[in-house]
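Each in structure tokens, the structures are laid out below.
First chain A sits with chain B, and in the next complex the same chain sits with chain C.
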Partner chain A sequence: MLDWAEKHRPKSLREVAGNPAAVRQLEAWAKVWETGRPKKRAVVLVGDPGIGKTSAALALAADFGWGLIEMNASDKRNKAAVHEVATRGALYETFTDDGEFLRRRDGGLKLIILDEADNLFGREDYGGIGAIAETIRKTGQPIVLVVNDYYELTRRSSALKRLALKIVFRRPRHATVARVLRGVAAAEGIRLDEEVLTYLAERSGGDLRSAINDLQALAAGREVVREEDLLALGYRDEHTEVFQALEAILRSGDLDAARKSTFTLDEDPERLILWIDENLPREYWNPEDLDRGIHALARADEFLGRVRRSQRYALWKYASDWMTGGVAVAREGSSAGSQYRFPLWLVKMSRSRYRRATADSLLGKMGDAYHVSRRRARLTVLPMFAHLFQTEEPFRFFQTARLDLGAREVAYVLGQKQDSKAVRRILEGAESLRRGESTVTPFSRFES
Partner chain B sequence: MFSAKIRSEVLKEITDVISTLVDEAKFNLAADSLTVRAVDPAHVAMVDMTIGKDAFEDFKADEGELGLDLDKIKEVLRLARAGDVISLEHDEDRNRLVVRVGNITRHMALVDTAGMSDPKVPNLDLPAKLVVRTDELRQGIKASESVSDHIALLATPDGFEMVSEGDADSVRLDLPKDLLDELQSKEKVRSLFPLDYFSNMVKALSSAKTVTIFLGNDYPVRIEFGLAGDAGNATFLLAPRIESE
Partner chain C sequence: MEQVWVEKYRPRSLGEVINQTDIVSRLQAYVKTRSLPHLMFAGPAGTGKTTSAIALARELFGDGWRTNFAQTNASDQRGIDVVRTTIKNQARMAPIGEGGFKIIFLDEADHLTNDAQAALRRTMEMYTRTARFILSVNYSSRIIPPIQSRTAVFRFRPLKPEHVQEYMKRVAKEEGLKVTAGGMEALVYVAQGDLRKATNALQVAAAVSSKIDADSLYRAASAARPEEVKKLVETALTGDFLEARSMLDDLLLEYGLAAEDLLREIYRAVYDLSVPDRMKVEMVDRVGEADYRLIQGSNARIQLEALLSRFALLGRELG
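What follows is the complex of A and B.
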């Protein structure tokens, strides 16, 4: 079945939901292209997933009658691939998919869309970012980059900051999401309860694509979607439930209520403890209460540790009792009644995800080469390896080729940016070594 | 329904022409011919090819379409020896192509044609027409390859020129009127093209001794040639470089 989010994409910029300022900016930039070349030949559409960036780019091409070429995350996007498609498209005139010839001089342009341009990774896409920047410098056609994370893009090529106009898309308001959902439902011949509409719009947090996907899932095989259907499909808001549990644990002071609050909760103790740990200090303002509360959490954590080591999940119940009931009765004074927050630790872990994944794959490769575990590789191999890598050039080439390191990993060991000259040079050196075009012994200077 | 037998050289010729521009293509079938039209991923070139049933040793087809991965066809061609006849049959129940070469049978999953476009060949007003020998074109391309990555094609009332200008060097092939099989050009026309595409197109012509070229001013080039001993014909269209402002 066709994806509704795809099927109901806006056909024109006027239909793009929300973001009027961004749409106006995009349109103004495109108008300059009709008669000449804007100073910045590319735009970067920045914003959270599912809020209409790619849709706006597609609608732009439709409004202006431009041809269109797209490179998505599913396409290979290394240097050669970008040259073959985007660069070539950028320098030459256009045949559209329908076989129409468009000429620049007559306003016939093609829009080159690089979707998820902050997502070019690894050896697969090696050199892609550089090739994109080079394409923008030379292009005779308009180029749109679509990214979630502007920093991730410019971190790898700061030139893009100068070359491309940044246009920020914001999450549309709930009312806007609701309006879009109403439109999709009408087009599909589905009737919706107003409560369902409101619920889906709020749940989406402004992500139109996910809201439409939810609607499609809910409406499968129905003509009318009522509020009861939400429950039947097990839809609910994860965070509201956690907040209710937190309230029972931190505010009720009732051991039994605190324990029972988690029985229906869909969070395991490993995650729940993070929620409690984050919010306990906001709620227990009295130092003695806080001390006892933290102590109870520490006891819970001991049991979690035992479970991790022994894999005896039966022990989770003791961890749970300590972090719920134990924490609840630790407070003798009043509670502060503060706003609950999402665990900061989870936020930080998710922000450093990219770096940790790089370290992990690097340590895995070292582990294979030196026959040690990742943990041991981190403790014993990495410090020495990094030192030699930073000081001995032949060692760099040899090890990069031998361990098959990618740009991310080399950048990690070197402590440099991924698109830096140093990293590029090492990868090229390793590549020529691999192809047998040069030879090197890892410690040549000790051998003469 | 589709079932055919074809000599491996002919299948190679067909495959080479299409794979110049795309990796996957939609083959439109009719009772007496097979047609392929495609636009390349960068949207700067087009191919339009029709192969008559005479190019095949045997050809039976109803109206329909087949989506083929050309790399897979090339893999099969690597198994073929000179003069081998390859048999192709559409297994409709399982939606795959059964390919037999020698004692090898390969079942080939078809590519979904839903996302593939059906371009019409645009009507272009190209004032100059000339017929040139393929080996002369090859010579001109060979000379240009080390100099630049684009090539200008010019037609004048007196002849045809291929000019390639790099940063420091330039090279030019002159073919006066008497070296051409035909020349119609009332005035001078010139357009600039990507050399690698032009080169790949010319390389893909394995059996055509001559090609017909239509040219305009900052306008696409149209290259027409015969295939499979004139049982088929094909047209390449290539978009010009955007003129500098």
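What follows is the complex of A and C.
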């Protein structure tokens, strides 16, 4: 069965749901391509998943009658392919391989879409993002990068900031999502209760793709979808449920209510504790309440630790009780009534994953070379190493060669971007040192 | 300045190892007879355990020592898997050359879990023909008795000021540095018996000037100390918990400190604070509590938050 989200993509920019400003920007950029070359040859469409970025890019190509080259996995072959098409395209845009002259509309522009560009080539050490920047500099074809996380992209290459026009997509409102769902349902010949529509739209949080997926799952084998079907399918809004539990834990002040709030909750205590932990300090404004509350969490965490080590899941109930009832009774003053938030810790963890992996490989190399554990390398070698690396040129070159550091590691120690001039210079310096071009330090000196 | 001095001036032969004369002469006897039991090197950081192990390997195997010397750090991989895979593979590979055995150096072996140590004991017995183990530990008591009884234990003594000075003078001479008397005293103070620390501080100071005095050394030593930890504690004391928590996240994730190392830094930072002594005592008590609970708990960050919220409470007394 065809994926409805795919099948019902907008065919034209006019059909793109919401984001009128972004669509106008995109269209204006494309118009320049019709007559020449815009100053920024690429655009970056930035926004949360499922809100129509890729759809807008596809619709753009359709509206302007451009060819399409789409890449979306971190497949290495793509790198060469992108480069090839983008740079050759300029020369061949008006001729076929037989040399036949073509009007621009037939043979002309090809839109290159790099989907998930923040992940593209991301697992590679370096070069991938740099290659994209290089491609944009040389391209004769319009390029669209699609990303969730603009920061993740530009962190690795500040050049992209200058080279590409940033266009931000926002989550469409519930009403917009509902309108899209209604259209899809009509096209598929499904009748929906208004309650179902509202529910799906709200549940989606603006994620059109997931809303359409949900609709497709719900409608399978049905012509009419009623409210009770939602229950039969066991649909629940996880966040709403967590928020309700938080309400009971942080605001009711009632031991029983707090404990019971999690009985039907589909979150294990290891994750629930992060939700409570995120929101507790925003809610317990009185320092004594806060301290008692967090100590209840710390106590819960001890039980979680015991479960982990002993694999005795029967102990989970004590952890749960501490993080729910224990936290609830810890408050004597009033609660602040702030808005609940998703655990920031999880966001930060995923943000810093790349950086942590870099540090890990760097410390591993240091540890091997200087006979210390990674952990001790972090404490005793890295601080002085970074200091000398930043101030002493010979040290920089020698150590980069000696430890065989890559761009990401050099960038880490230097506190600079991977594609910065400083990083490139050091890699080159280390390389010539390795080849023995420098008279100062022959390679043999690395062997102690 | 190209190299890391700790490595550049690491003694190459057993004879050059500072201070541990009894140990050295016993190790030299093993070299002479070319027989070696399993060994355990116990002692504080920076007293020559790794250096002695490498020097021993050099003297036993000559220039090709690296091929018969395998090093694993137990604090990076402390579970049973490291014993079952990495270490076992190292042990099972036949030695190269005429040595007859290879040396497996297990650094920070006291970080291995008890299960891992039990597995290690079997591995040690199984591959005695081809492999000798050297376990490097801070505390021999953290090694299970069956392994202790299978190793010859060597206790490395903390270095005395004159030994630190002796070694640092050697380095300074090689590097053409002028270290003032005050600078030398500062080196001894910074070292606290750990040559690695002293050498690192000297190298950082030498990058600024070849004339080294107390002032330049202390500045160098503090360059190697995350200033952020002190700020974290101070922020917690002001009662701004959310801000302190955000700093904590940075230290754990951006800076990448392990929770127990962060606690050690906090512990040190407390004594540098300008708060009443009575409060310092109480703060350190809470640090100790957090340190203990870290072992018990599951998510270190929550235990550290509990510490910060307690600091926030204590901070109110400061007015």
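Assorted remarks:
Heads up, the rule we're going with is that the second predicted complex is superposed on the first by the 289 of 448 C-alpha atoms of A that agree within 3 Å, B and C clash if a C-alpha of one lies under 4 Å from a C-alpha of the other, contacts with A are read in each partner's own complex, and residues count from 1 in each chain.
Definition applied: a contact is a pair of C-beta atoms (placed from the backbone, for glycine too) under 8 Å apart; a residue touches a chain by one contact, two chains touch by 3 or more.
A quick note: this is a predicted structure, and the numbers were derived from the prediction, not measured.
Note on chain A: of its two partners chain C and chain B, the one contacting more of its residues is C.
Look at A:67: by the touch rule set out above, it reaches chain B but stays clear of chain C.
Contacts of A:141 after superposition on the shared chain: chain B is touched, whereas chain C is not. By the document's definition of touching, of the two partners only chain C reaches A:345; chain B does not. In the overlay built on the shared chain, the residue A:38 is in contact with neither chain B nor chain C. Contact with chain C, but none with chain B, is seen for A:282 once the two complexes are overlaid on the shared chain. Of the two partner chains placed by superposition, only chain C is touched by A:379; chain B is not. Across the complex, chain B is touched by residues 36-37, 67-69, 84-86, 88-89, 91-101, 103-105, 110, 140-141 of chain A. Contact residues on chain B toward chain A in their complex (touch as defined above): 37, 39, 41-46, 117-122, 124, 193-194, 197, 218-220, 237, 239-243, 245. Against chain A, the residues of chain C that register as touching in their complex are 1-4, 6-7, 10, 45, 50, 54, 71, 73-76, 107-108, 196-197, 200-201, 203-204, 207, 223-226, 239, 241-242, 245, 249, 253-254, 256-258, 261, 293, 296-299, 301-303, 305-306, 309-310, 312-313, 316.
Chain A contributes residues 270, 273-274, 277, 281-282, 287-288, 290-291, 294-295, 297-298, 301-302, 304-308, 344-345, 348-349, 351-352, 355-356, 359, 364, 367-376, 378-381, 383-385, 387-388, 391-392, 394-395, 397-399, 402, 441, 448 to its touches with chain C in the complex.
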